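These notes are about the structure you will find just below.
Letters are used for the chains, namely A, B, C and D, taken in the order the chains are written, and counting of residues starts over at 1 for each.
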Amino acid sequence: MTKLSSTQIAWRAAQDIADGAYVNLGIGFPEMVAKFQPPGRQAIFHTENGILGFGEAPAAGAEDWDLINAGKKAVTLKPGTAFFHHADSFAMVRGGHLDVAILGAYQVAQNGDLANWSTGPKGVPAVGGAMDLVHGAKRVAVITEHVTKDGKPKLLDACTLPLTGVGCVTRVYTSLAVVDIQDGHFVLREKLPQISLDELQSLTGATLHLDGAVADLIVPEL
Amino acid sequence: MTKLSSTQIAWRAAQDIADGAYVNLGIGFPEMVAKFQPPGRQAIFHTENGILGFGEAPAAGAEDWDLINAGKKAVTLKPGTAFFHHADSFAMVRGGHLDVAILGAYQVAQNGDLANWSTGPKGVPAVGGAMDLVHGAKRVAVITEHVTKDGKPKLLDACTLPLTGVGCVTRVYTSLAVVDIQDGHFVLREKLPQISLDELQSLTGATLHLDGAVADLIVPEL
Amino acid sequence: MDKTLPDLAAAVAGIEDGMTVMIGGFGGSGAPIELIHALIDRFRATGHPKDLTVVNNNAGNGHVGLAALIEQGMVRKLICSFPRSADPRVFTELYLAGKIELELVPQGTLAERIRAGGAGIPAFYTPTSYGTDLAKGKPVEEFDGRPYVRERWLKADVALIKAETGDTLGNLTYRMAARNFAPLMAMAAARTVVQVSHLVAPGGIDPEAVITPGIFVQGVVEVPHPAQEEDLNRANAVYPEVAQ
Amino acid sequence: MDKTLPDLAAAVAGIEDGMTVMIGGFGGSGAPIELIHALIDRFRATGHPKDLTVVNNNAGNGHVGLAALIEQGMVRKLICSFPRSADPRVFTELYLAGKIELELVPQGTLAERIRAGGAGIPAFYTPTSYGTDLAKGKPVEEFDGRPYVRERWLKADVALIKAETGDTLGNLTYRMAARNFAPLMAMAAARTVVQVSHLVAPGGIDPEAVITPGIFVQGVVEVPHPAQEEDLNRANAVYPEVAQ
């Protein structure tokens, strides 16, 4: 089936980030969003472990392991970088100072509930900063495959996995579509032109509402 | 009547401050305590407005008005001074990190209640950091005249003025005596040799208990 | 992304009637005199803003800065810990005449309430003020056998603060004890406007030395050689100067 | 008044069985490897301390530092936000075998609980974790129409942290993102012991640059050129080294 690559989902999410926005990118896949800032725009990236305005990854071998992001990957300094401790870092998060947080997801529900930290009681649970981010940033967006590896919907009427936050997500960028969450509903904004509405609906665990035209989700080869 | 001067009360209070103690001195009269550190001891002074380890007053004309204490008097830098903001400053206070706070008083009760911020509903009320200090420092001591200007006791069975804090004071240095507060009682530790116990009791608004010998309160001419 | 403002008038342009305005400073140290005077200029030219709620540790001194703002009749309510100073006449007279409201808050509670506003903490417990008149009407709860008073966060529409060096992204350093409430107010206001003595390009401040990261700052205006409130008062200054 | 400790053994001497120990660091950045290894040395020599409750953001990586402390069986309970790493085997195996307790705390709540412990705030409200499994059993209250979870302060008997430069009064600076939890833990522990890469006399740190004022520090030990956990793990280091 035609679908966007992770890189392409990240690219699409990056297009909605304004110049000068303060942005936190979840560890792993969401970190990729930083690579695709549109020309002329420069977001300022925040990482939970106390850096604002850091730069991209250093060359291999040039890492300084005191200069890392929340995913423990090495980053670099940029003019205007600031360091601070963890309580100040989460004051930025919890206090509503971030413009956007972009996170991964196991499941997103049509009321904005997010499940992205635990796949259930087995294994070792780990939460990190996700539960803080979902209630802090002015806009919480998710980037995700539209369905799980075994084809099950990740956009659901209600999450079945343990929640990260309640009613917190407002936009989902998937491998097939861009979906807003409004008033307890999924509202379809964009979809791949190659996929029909019916097909998209069949891969989605709750009704996709329409509110005006659905745009084509056009993403460059990357 | 024979009594200690304010300077002498401050001197006596200073004798109980250990080397290396972190100390906050209330604005006004208590600031004098800093002048009488015993030889070989060096306390580290804290001021609410964000300085730790400051030095004494500068010469007239050499003031820097960004370098002041809580009483808005100019102070100086010393090796090891640190600056911080008001929330960190009161984290030091409220978090129990100060060893001693020495405050003035309108009234002190035998249960340790302190009244030192308001003389009643008339006028403009002002509290500053006093209510924080009384519940923060490990030891809260008061320095005060033993009686008011018109001869009324300041050490009472219960405060009649609005409280600054409940059960917070553990030692009172007065112009006549040193009195501890223990288990809801005043316990007399030292008194001027020139004054009799009966006379002292008559100037005190609650029973002065004895717990062992009462030492002579001997203070140098200053 | 450049947060530089062209002048003081632009810096105070967004402040409207009825807003809550936090003003940095402890007495004169850290008082953003030029921003306050620019706000007075605007009020004298336009009649706005008025009915302000002002948050500051004090209530002004003499006839400049915060005292002048109060003297102009722009302030409906003051939230502070210590409305006394060498010359507190302006506030005192209005207060005793019932023409200005006062919310008296213990200094550490004031600082923590502002920080809480900036940190997204709607309420917290403190031992401060327990059993006193200033705790009246506030919930009390015991933790580990000790009673504590519940206090609410404090936020503002605008913060006006003074910093020493600022870059165009809003990263700030302060000068000695002029720091006091400013970093907290920067966090707690929807819009924080800063007068900096030195404006530099990004990279002009050591990342380790930043006290207020730029995320808490919305506008920066350079005011070289700012007035020190204490110096003005020792010179018996009045703002605005009385016409001869 | 000199808080300098003669060596690492003296630095970890006061830590007893059953104590709560906060350990600085976010992953390897800021991890006080030499202090942790000194504590392991003491345990191997004396059988103490054990049954520790450790507070850290993570649960160790590989077989050095915190992971080694856990591997020695010295830790009864871990309070952390993210017990995963490149090589989390040590913790994972003990946890799945039921041999170590875990209190999982959202990272921002962990930071704020530690700060609250240091700042004398016994409890505060946060939106974080509302409606999730991690809020179970915690009081919930609405403020301004939004639900919040009440969280308690977190304190420790001892904090072990790493700083860049320290003076003999305990004033500290940190190095880049190695700062993370250390300034908070220094506030929240009854006894804070710091390994500093550079020990200087009072006056050797600019008063504006002090991140942790000395009032929060009880002991300082100089460890020049400290090991970086990440480097140790990339070299597959194990502590203590296995005897050949």
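Going forward, contacts are C-beta pairs under 8 Å (C-beta built on N, C-alpha and C of every residue); 3 or more make two chains touch, one makes a residue touch a chain.
Protein names from UniProt, one per chain: A, B = 3-oxoacid CoA-transferase subunit B; C, D = 3-oxoacid CoA-transferase subunit A.
Not measured: the values here are computed from a predicted model.
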| item | value |
| --- | --- |
| Euclidean distance of C-alpha centroids - chain B vs chain D, Å | 36 |
| Chain B-chain C separation of Cα centroids, rounded to whole Å | 30 |
| Touching two or more other chains - residues of chain A | 83-84, 87, 90, 93-94, 135-136 |
| Shared-contact residues (touching 2 or more other chains) in chain D | 112, 115, 119-121, 126-127, 174, 176, 207-208 |
| Category of the chain touch graph - line, ring, star, complete, other | other |
| Inter-chain touch pairs (all) | A-C, A-D, B-C, B-D, C-D |
| Chain B - residues contacting chain D, complex | 19-20, 22, 42, 44, 46, 52-53, 77-84, 87-88, 90-98, 135-136 |
| Chain D partner contacts - residues on chain C that touch it in the complex | 112, 116, 119-127, 141, 143-144, 146, 148, 152, 173-174, 176, 207-209 |
| Footprint of chain D on chain A - complex, ascending | 47-51, 63-68, 70, 72, 83-87, 89-90, 93-94, 113, 118, 123-132, 135-136, 162-166 |
| Of chain C, residues touching chain A in the complex | 1, 115, 117-121, 167, 169, 171, 187, 201-204, 207-208, 210, 213-216 |
| Of all residues in chain D, those that touch chain A in their complex | 26-30, 57, 81-86, 88, 91-92, 95-96, 102, 104-112, 114-115, 126-134, 174-184, 211, 228-231 |
